[in-house]
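Alright, structures below, take your time with them.
In what follows, chain A forms one complex with chain B and a second complex with chain C.
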Partner chain A sequence: MNLERVSNEEKLELCRKYYLGGFLLLPFLWLVNVVWFSLYLSQVCHLSRYVIRSAVGAALWGLGLGVWVGLFQTRRNQWGALGDALSFTQPMGEP
Partner chain B sequence: LFCGSWGSFPAPFPRPCVGNSVERKIYIPLNHTAPCVRLLNATHQIGCQSSLSGDTGVIHVVEKEEDLEWALSKGPHPPYMILLNGNLFSRSGFLGLGTPKFGIKSHFPCPGLYSEEHGPEFAHCNGSVWNPLGSGVSYEDFPFPIFLLQDANETETIKECFRAHNVPAVPGAAPQFPLCAMQLQSHMHAAASTVTCMRRSSLQSTFSINPEIVCDPLLDYNVWSSLQPINASGKVEPEKRLILAATRVDSHSFFWNVAPGAEAAVGSFVSLLAAAQALQAAPGALGLPQNVLFVFFQGETFDYIGSSRLVFDMEQEKFPLRLENIGAFLELGQVSLRNDSVLWMHTDPISRRNQSVDSQVRDLLDVLNRSSPGSGVSLADPGVSQPLPPSSFQRFLRARSIPGVVLSDHRGQFHNRYFQSIYDTAENIGMHYPEGLTPEEQLEFVTETAEALAQVGTLLARALFSLAGGTDPTESIRADPKTVTRLLYGFLLNSNNSWFQSLIKPDQKGILGPFPQHYVAVASPTNTTQLLQAVLGNLTGIRLNLSREECQDPGKNPALQSELYEYWWVQGPLDGNSTSRIPGCVRSGVRLSPALSPAFELRRWDSREFSTWTESRWKDIRARIFLVASRELELLTLSLGMLVLLLSLLCTFIPRIPNPQFPNSQTPKCPNPQIPNSQSQIPKS
Partner chain C sequence: MTELSAHLPQFQHGQLTENFPDTHLSNTNDNSERRRHDNSERRRNDHAESETNGQPQNNIQQVVEQDEEEDEELTLKYGAKHVIMLFVPVTLCMVVVVATIKSVSFYTRKDGQLIYTPFTEETETVGQRALNSILNAAIMISVIIVMTILLVVLYKYRCYKVIHGWLIISSLLLLFFFSFIYLGEVFKTYNVAMDYITVALMIWNFGVVGMICIHWKGPLRLQQAYLIMISALMALVFIKYLPEWTAWLILAVISVYDLVAVLCPKGPLRMLVETAQERNETLFPALIYSSTMIWLVNMAEEDPEAQRKSKNSTYDKQASQTQNEDAEADDGGFSQEWQQQRDNRIGPIESTPESRAAVQALPSNSQASEDPEERGVKLGLGDFIFYSVLVGKASATASGDWNTTLACFVAILIGLCLTLLLLAIFKKALPALPISITFGLVFYFATDNLVQPFMDQLAFHQFYI
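Now for the complex of A and B:
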């Protein structure tokens, strides 16, 4: 989709749809909002409302996932059976 | 064919041309090595682990302790691969390698069934230090790979490479790159403990399309046979009493699949084989009031896998006998290194606190003492207070107080300096052959060791005859030293000899080979178990005049009583000078019983009661040597390459970059903030 050929109203509509969609546990929609539409903040009215909220949402998700991944990678071998149950692939030769 | 050298590094030294593959010009594989692998039990892991693609280090040949120190602290090109001679391979040497960051600690408590609860005299492993000469290195966990070099030529190749490249021209200076390096790869898949690796394996086999099993339990089969035939799928009557004569078959060492176990296992089971043969041939043996059972336990080295499983099967009624049917238990511990022909009779002080058991034990000792004159063995009693040495009998005692004796050549600590070591070989038990004998002559030559072990077999056979209720004089019962020497040759020096070849089935030829070893392993039955089965069948069975079809399918003929006997179609000896053999049918009572720890049957992988030993799986184990360049040269090469890449990218892409387009940057007027759904209110730009 080439955003340059889309009218401003449609851009706003798209941004709003993505913003609402992100609440269905789809943080990448928020990330897409931020990345795509931040270039058009000055052109389209009321776009900033959705872009900023999406940015906040994406940042929170990023932080949460980052913390979880960090914990998992560093602490998994201390979690015993729980760690193995949470893993998709088992590391070979590591506890 | 001229094989020139490639690149800027000369080939280590001239060697015959084997092709023009670049890999063959760089690496010299070491094919005759034995790795140290990872074994796990319920709580710990032991053995060695390498990185996924192998650990590489500059070779350093250590001839004295100071060389080791230099490599560990002062060497200028770490990491090093140390080449050690066997005598430096000791605990102190290893704890030197185990600097605090490795944290090598020993965590195995005293073995056996004695602890404070039996009395204060047994606390702190008192009376239970049986192997003080042992370094305990086999039971440590090392984070680096350790290999055994078994070929003297390969060792010499490595030393030549070291002398050519790694020794500086001026002593004291640092050697110059390129240096000779070695890469050892033995990446183990299992980790932490049996509980972890079995859990992971079961998760994989439940949920994965391509399951990756990471460890296997150690298992094999126990070999058993009886003097009078027993129905293997039936049950012995509860009031019958049998005499059990047992020993262990396996051993272990630091390195995988190298477990000669001469004094630890072979000497004992050879004596028991000789006793079984002598007893079977004794007049009146088949009419004795009580039956005698000969059991050869596998896996005893790893917390008594075989004996604990047999006790479990007896309790679960999966074996023809029950524990109540055992009238007496005689075990052969290590018997090959007797001082002054003395054999010690060890008994269990705890069960002897019970009067009736004590009197039965005394009767047992009396029978043994009465059988010893004339056998060449003198018996001695270490005293009631001394506990039993580590033995399979202890597993039976845990379940029931059975009267029994463990015969061994040592009173307190082992006479075996190389218990569970790669050096527990034929030389360790004093097997010496005169110079210049052919292999066939060596097979038949009766060594002193064979005579001594035949004496032990004689004593055992006579004692078993009397215990089973035989009243005839036993002087005629003698174990045959010729059989013993052939057994020793076959199980310690070369199992591919003419006698063993005649005992096996035609499809079993692969189990024979030089340098036999007796590690229990994870693939069953092992060569040792199969050979033992064939040998016991030959020594205690009879040859029948049956055809091949009748022999291989005895169930068809009810007269053959296939539930009482096993029928084997064996290759037989060579027919005179030709290459064909005279096969035949052998009928015996030799059976196999599973020797897998009950912990795995019950899926209790953290069991403290049963053995939980497993062996890790691995993908590739190999060792090779090659020349390495210095780190600086490697980085330089890499950087040059990256630079060339970037330059070429720039040259190709810069002329092609189009003019960048930026989005329209007009700023529209924004009306009052409303729900921007009605399109008519927003001005079109």
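Now for the complex of A and C:
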């Protein structure tokens, strides 16, 4: 979809919908929101509200995910049964 | 969708949109180039005219001829740009498929066959194997024909909800289930530990954002990327579950079917296009990859009210169509019987008839508005899928390996070029499969059986040419 052809109100509405949708455990949607609408921050008033909040949300999620993945990759062996239960794929061979 | 049709703002199967009333455009680069060209032509012509008689009517005739020349120039200019703009996604799709085939062994392992190809190819005699593969191909193509006719009937009787739902289910399956399997296999290949929580989050995000981009509104680049990814996933499923001889036969038969379905007056895809034309609707926007050029963006500023109104109206229609089309195109190929990973019996075939719904070349009666989005070339996702199947199969099973893969890749791109050229000449919906697949098959068998042994012998004897 080409944002050039929609009105500013529609842009704001779309940004808002993307922002609200991100609360359904969708940090990627927030990221898309930020990247897509950051070009129009100067043109549409109130857009910054949603873009900044989406950016903050995406950053928090990224941080949380990074911490969790780091923890899991390094401590998986020590967790025993829990580690195995959580694993979707397990590496084969010797550690 | 194996059709490229000329112009048609609203039809999206492989359309090369050529709207000629562009001479009013002013600002963008292309426009300015054109105008410079136009101006220089005019000046040249005027100059020539003034040398002979400089009569006003001659000038007018000259201008008219110039307009026609400009139109032809415009066509060719659009043609070249559009060809390049289609090369990139087709190449990307093929690169993804070949990279996956080369690295993830899951897609080259034989784990059973689809229910659409019940006859095995592990037979004792060559004749039996040939017979089995012919039967498999016949079953597959009849499934496709039935699905296409079903689609046309549904469309004719305006069962949009059914089509829409079918497409949604289809793309859900593709975006969630197939990508889940793909992700799992990639992790296993690289021996990476991954936990369920992260995987669930990734697949959830990928799938939902994909559904939003494809069926609703999203950034164009992201939508294009998602369409490429789902085409690649689909092609990988085909490569995995189709035995060899069956796959080549199916490719050949599908090109013939595509040719017939799009060009014959009673062909289902052509009827689909004509029905859509009568109703002045767009066809299957979602199943079509659109390489829109944004250079017409300044048009909105030229004549804001009229342009915006017409653009919004065509765009809205297109958007709603896209949803119908998309769902249909994606779903077309999915039957519901998937089981576990080991005996995947998926019927992806159905997506192809829909995705290959032809885009027809509507005469531009409704194209008064030059919608920039519709000026891009559109290629059906079925075309992406089958091109990638050909190249993927070539890289998976060829003795010549990279030579054969590259040869097939070049063949397909040449075929695509020729198809787009024909599109620019004929300005109607064209099937994009036949030429490319024919070239691809010829190059595959020739390279594998002739060129590769030749090169092996040269290398063996250390003879460099």
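Operating definition for what follows: the second predicted complex is superposed on the first by the 93 of 95 C-alpha atoms of A that agree within 3 Å, B and C clash if a C-alpha of one lies under 4 Å from a C-alpha of the other, contacts with A are read in each partner's own complex, and residues count from 1 in each chain.
Definition applied: a contact is a pair of C-beta atoms (placed from the backbone, for glycine too) under 8 Å apart; a residue touches a chain by one contact, two chains touch by 3 or more.
Every value quoted in this text rests on a predicted model; they were computed, and no experiment measured them.
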| item | value |
| --- | --- |
| Chain B versus chain C as contact partner of A:Q90, first or second or both or neither | both |
| Touching partner for A:A58 - first (chain B), second (chain C), both, neither | neither |
| Partner chain(s) touched by A:E4 [first = chain B, second = chain C, both, neither] | both |
| A:H46 touches, of chain B and chain C: first, second, both or neither? | first |
| Which of chain B and chain C A:V32 touches, first, second, both or neither | second |
| Touched partner set for A:L12, first chain B, second chain C, both or neither | first |
| Intersection of the chain A residues that touch chain B with those that touch chain C | 4, 90-93 |
| Touching residues (chain side chain A, partner chain B) in the complex | 4, 7-9, 12-13, 16, 39-40, 42-46, 77, 80-81, 84-85, 90-95 |
| Residues of chain A defined as touching chain C within the complex | 1-2, 4-5, 14, 21, 24-29, 32, 35-36, 65, 68-69, 72-73, 76, 86-93 |
| Contacting residues of chain C [partner chain A, same complex] | 184, 187-188, 191-199, 201, 204-206, 208-209, 212, 217-220, 222-223, 292, 294, 297, 300, 308, 311-312, 315, 319, 372-373 |
| In the complex with chain A, residue positions of chain B that touch it | 38, 49, 52, 187-192, 196, 199-200, 203-204, 212, 214, 616, 663-668, 670-671, 673, 676-677, 679, 682, 684-685 |
